[in-house]
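There are structures below to look over.
The following pair of complexes shares a single chain, chain A, combined with chain B in the former and chain C in the latter.
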Partner chain A sequence: MISVNNLRKEFKKVIKDPGLKGAIKALFRPRHEIIAAVDGISFEVDKGEVLGFIGPNGAGKSTVIKMLTGILTPTSGSCTINGKNPTVDRKKYVKEIGVVFGQRTQLWWDLPLVETYTVLKEIYEIEEDRFRERMAFLNDVLELEDFIRSPVRTLSLGQRMRADIAASMLHSPKVLFLDEPTIGLDVVVKDNIRRAITKINKEEQTTVILTTHDISDIELLCDRIVMIDHGKNVYDGSLRELKRNYGQMRELTFEADSASRLTAESFCKGLKLSDDDISIKNDKNVFTIRFNSDSMPVGDMLNYTLSLTRVKDIAVKDADIEEIIRRLYKEGADKSE
Partner chain B sequence: MNKLRKQYLPFVRAGVQNLITYRMNFLGFIIGGLIYCFVMYYLWKSVFMASGGDTFMNFTMSDMVLYLFLSNVAGEITFSSVSNDIAEEIKDGSIAMRLIKPVNMDLSYLATELGGTAMRTVTFAFPVIIGLEIYRYVTLGIVMFNPINLLLFLLSIVLAYLVAFRVNLCFGFMAFYVKNLWGMGILKNSIINFLSGSLIPLAFMPDGLRTVLEYMPFASMSYTPVMIYMGKYDTSEIIFRLGIQAVWAIIIYGISKLIWVGAIRKLSVQGG
Partner chain C sequence: MRRAFKIYRILVAQNLKRLMEYKADFLTGAVSFLIDQAIGIAFIFIIFSQIPQLAGFTFEQIVFIYGFSQIPKGLDHLLTDNLWCVGYFIVRKGDFDKYLTRPINPLFHVIAETFQVDAVGELVVGICLMIYSAPSAGLYITPLSVILFVLVIPFSALIYTAIKIATAAVAFWIKSSGFIIQMVYGMNEFAKYPTTIYSNFIKLIVTFIIPFAFTGYYPCLYFLTGENPVFNIGCTVFISIIFLGISLAIWHKGLSAYESAGS
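The block that comes next holds the complex of A and B.
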């Protein structure tokens, strides 16, 4: 369905020295630097698959999405979606895809929301019956009814995002590109949007590529993830596998009765763990211990802590995706050294 | 055709909506244009008085008034902000949202502008033309209005618009390379104002220069329709000039398509 092969995108960047002097220098003798925002990314996506495309900020996710949607032309490498090259015959290609950029909107800003949908109906040449059926479906899943007659500029972020998602799904695209569709939304709206994505994926076998920083988005939606950093592939596989390999970090937070007998050093010494497997931070009486549950089972960790001091409040947390990414990337950096 | 109308009508509507939202802008634009015309009127009046004769380079004062205001009318009708729009959309990245729609880029920009152009034609161009005819009747005592010339003028102004739109489109595509067009825009406008004869009639230029300029695309953008309305051309010359306009419209269309192919490769949408 989607095949990305050694994709690369370079940007030219003007280097400026700081201050007025640097600005004047750059005016007369601009120096350029070529930056590879995307540096040889490859992956495949099957029909009907939901792919989580993740990576830290500035990793090149959006640039890849923009190349896949035909907005940017790759410097080298290729991508084929549904047998088509996005930069060749853009008009035909974009008819088969739906795109949402969480930070932008494709809705007609000054018009009532419903007008945007009638405009899209004409642009995508959707038949009247099909359109009505589709609107009923989207209304049902995304609950647009309450604000469909309001001008877009008066919508809240959550309403706008639901409306944008609906706009991207209106023409039954074969592939849906969602670039941070849940950014800045509350739990209810997130849930709404996830349900819509799941439903359209199950019912129409729509292939979905999703970028997000929200671990629950990935857990609830994605069959597979591709992780990139600094424009390069870091990981490609299922989420379960990733968690098994990298997700063993747990976070123990507690408030000690008295901090007098407890120091970070005492923990390290007492547990005989290497620096990679444990890190401790404390703010007065509140301690946060991050440890690898492979080398130190959670139960043992709790016992040891309780044997040292009386605690008021204690909580154990799973590692979040940021932590996994951090570890994964650190590993990548170590390997390349 | 019906499909085309249905697909691009929303863009026309959005353009009109925009105009209504920013109506003070629109009003300022028109009033500014009128003030400019009157300033030029007094300037040329003093030129005529200083030269001592009734005519100056084959133009009577009433010709001059006609020329000044008609140039402005032509300027209002052929006005195109497409280069600014493209530059703005590239700067804030919203051009991405245009690119993910299965619509033709040039046509969607053209449609967005047509609403405003229609508004300016109805609210400004026609009243000024009526005013000019009244002025001519009052000063000369005879009805000079020639409906055929008006029709030919309209045909010529459509061609002028197509040329002007494409020139601005090409210029707008430069934003793919240079990021900020503002300074270049001022340069472009001064060049066009001078070379198209909207500042000084091309008829006043030295013969050699005039001939060259008359063949350039800039004359097609304002000078040709104005001269046609004024009845300065005979039938064969009118056909010839319309032909030149049409040829330029086609050439610049081709050029804009070529530039687009190169420009889209250069696009870099930052952020988001």
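The block that comes next holds the complex of A and C.
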């Protein structure tokens, strides 16, 4: 449904030395540098999928989202939704999408919220009946009733976010882009927003692409994640797969007295494990053993380790999603160096 | 087209509602605006009473040219004032994103969003000055000249709009072009007086490069003398269409250079 093909975006950047002196120098003798913020990103998204689009700050996420929403023109490559291309026919393309930028609002700031919806109704040419039906649905999902007559400037951040999501869903888009929809919200409101997103996705088969730095957003919402770093794809796969690969891994960390017999080979032999299930890192007698808890229960692993050596200060840790993502970010960084 | 009008009407209504939302501010604005206009008119009379004649034009004729020049300026000011904001901050702050994610023309959208009531001042002053000066300015009145009078005003206004679109669009490349709009727009001061009082260099500029002379002096020359309608009126129409075409091309090119702002 959405097809992103070798997308690339370059920015021309003026190199400035720091300070006023540097600024003045750059004014008269600018030196330019071409920076590829997005460097050959490709992925496909199916109808009804919830895709988590993640990456560290400055990875190029927003630039990709802005190209997918028709705001930026790609330097090369293409993105299409149902065959429609924003650089060819922007108007048709944007009718298919709804966009929420967590840090901006598309609501009419000075007027009661309901005014925004009546204007959008005209802009998107929504029929009166359809509009009423739509408002009822969005009201139900996002609970706008309490503040729909209040001026937008008086809304709390959580209310504003719900209002913004409603504004982007009014014209029943097939794809909803959410750029950090839970940023700055408290736990309860985050939960509300997530439930609303799930409901919209389930009831209307709306495809959702969301960027976030919130791990719970990913765990609770996303079927699949695409991770980018330095403008390149780093990971593309289902969350389940990611968890299977990394999620059952546990980490055993301890300081050993004698290191002689603590090698991955000896563990493999002793416990009848395969190479993939275990890895051992030794840093000045501080050992980190990562192992698959599916093939080797934590208790057995502990017993075996204790039988081999005397240990000080032992700790067992889950490799949670956050840890996985941190590792993925790091792997991405290592690869590009 | 009908749809465009409808959306325009609705967006303008939103803007007026917004103004009314802050009543104290709106009323203060309205009062200060009236005072401003009264002072403006008084000032014009003080200046003109010192120059009974200029470059062969009588006092009334000068007042007529001045009055006429306010009409296209006011029309453009009334309808397209938001272009200033494009140049000053909408692009720089990345707020232009919003216009690009909606299924209507972004230029139309950004223009329709503001209806600058202040401009009524220029229109009122312009009309008053023309009414005041018309009886003794020796106007050339024929059915054709009346038709051309009505016809030429929107084209003159388009010259303003075209210049603003082109200079505002520069912001897509250099992020902020407010001062560029201001500098170029400021040249409209030359439109209020006969170009014959300027040096050839300035005459050349306000005729062909930044053609504000077509928003005041040249059309008036025809209404005052009946001379050379092909140049005075025809060229106004021609130049406004050419300049609008060029500025739309620049704007369009600018859209693909737009870089938004980080978030």
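Everything that follows uses one rule, which is that the second predicted complex is superposed on the first by the 251 of 337 C-alpha atoms of A that agree within 3 Å, B and C clash if a C-alpha of one lies under 4 Å from a C-alpha of the other, contacts with A are read in each partner's own complex, and residues count from 1 in each chain.
Note that a contact is a pair of C-beta atoms (placed from the backbone, for glycine too) under 8 Å apart; a residue touches a chain by one contact, two chains touch by 3 or more.
Small disclaimer: the values here were computed from a predicted structure and weren't measured.
Colleague: Clash or fit: what happens to chain B and chain C when chain A is overlaid?
Modeller: Here chain B and chain C cannot both sit on chain A without a clash.
Colleague: Contact-wise, after the overlay, does A:99 reach chain B, chain C, both or neither (first, second, both, neither)?
Modeller: So A:99 meets both chain B and chain C here.
Colleague: For A:70, decide between first (touching chain B), second (touching chain C), both and neither.
Modeller: both
Colleague: Looking at the overlay, does A:91 come into contact with chain B only (first), chain C only (second), both, or neither?
Modeller: both
Colleague: Examine A:151 and indicate which partner it touches, taking first as chain B and second as chain C; both and neither are also allowed.
Modeller: Touch status of A:151: second partner only.
Colleague: Which partner does A:199 reach: the first (chain B), the second (chain C), both, or neither?
Modeller: The answer is neither, since A:199 touches no partner chain.
Colleague: Using the superposition on A, tell me which residues of chain A are in contact with chain B and, in the other complex, with chain C.
Modeller: Dual-contact residues (chain A): 11, 62, 66, 69-73, 87, 90-92, 94-95, 97, 99, 101, 103-104, 106, 108, 110-111, 115, 119, 122-125, 179.
Colleague: Which of the residues in chain C come into contact with chain A in the complex?
Modeller: Residues 3, 6-7, 10-11, 14, 17-18, 21-22, 94-95, 97-98, 100-105, 255-260, 262-263 of chain C touch chain A in their complex.
Colleague: Where on chain A is chain B touching in the complex?
Modeller: Contacts found on chain A: 11, 62, 66, 69-73, 87, 90-92, 94-95, 97, 99, 101, 103-106, 108, 110-111, 115, 119, 122-125, 179.
Colleague: Looking at the complex, which residues from chain A come into contact with chain C?
Modeller: Result: residues 11, 62, 66, 69-73, 87, 90-92, 94-95, 97, 99, 101-104, 106, 108, 110-111, 115, 118-119, 122-125, 151, 179-180 of chain A touch chain C.
Colleague: Considering only the defined contacts, which chain B positions touch chain A in the complex?
Modeller: 3, 6-7, 9-10, 13-14, 17-18, 21, 93-94, 96-97, 99-104, 264-265, 267-269, 271-272
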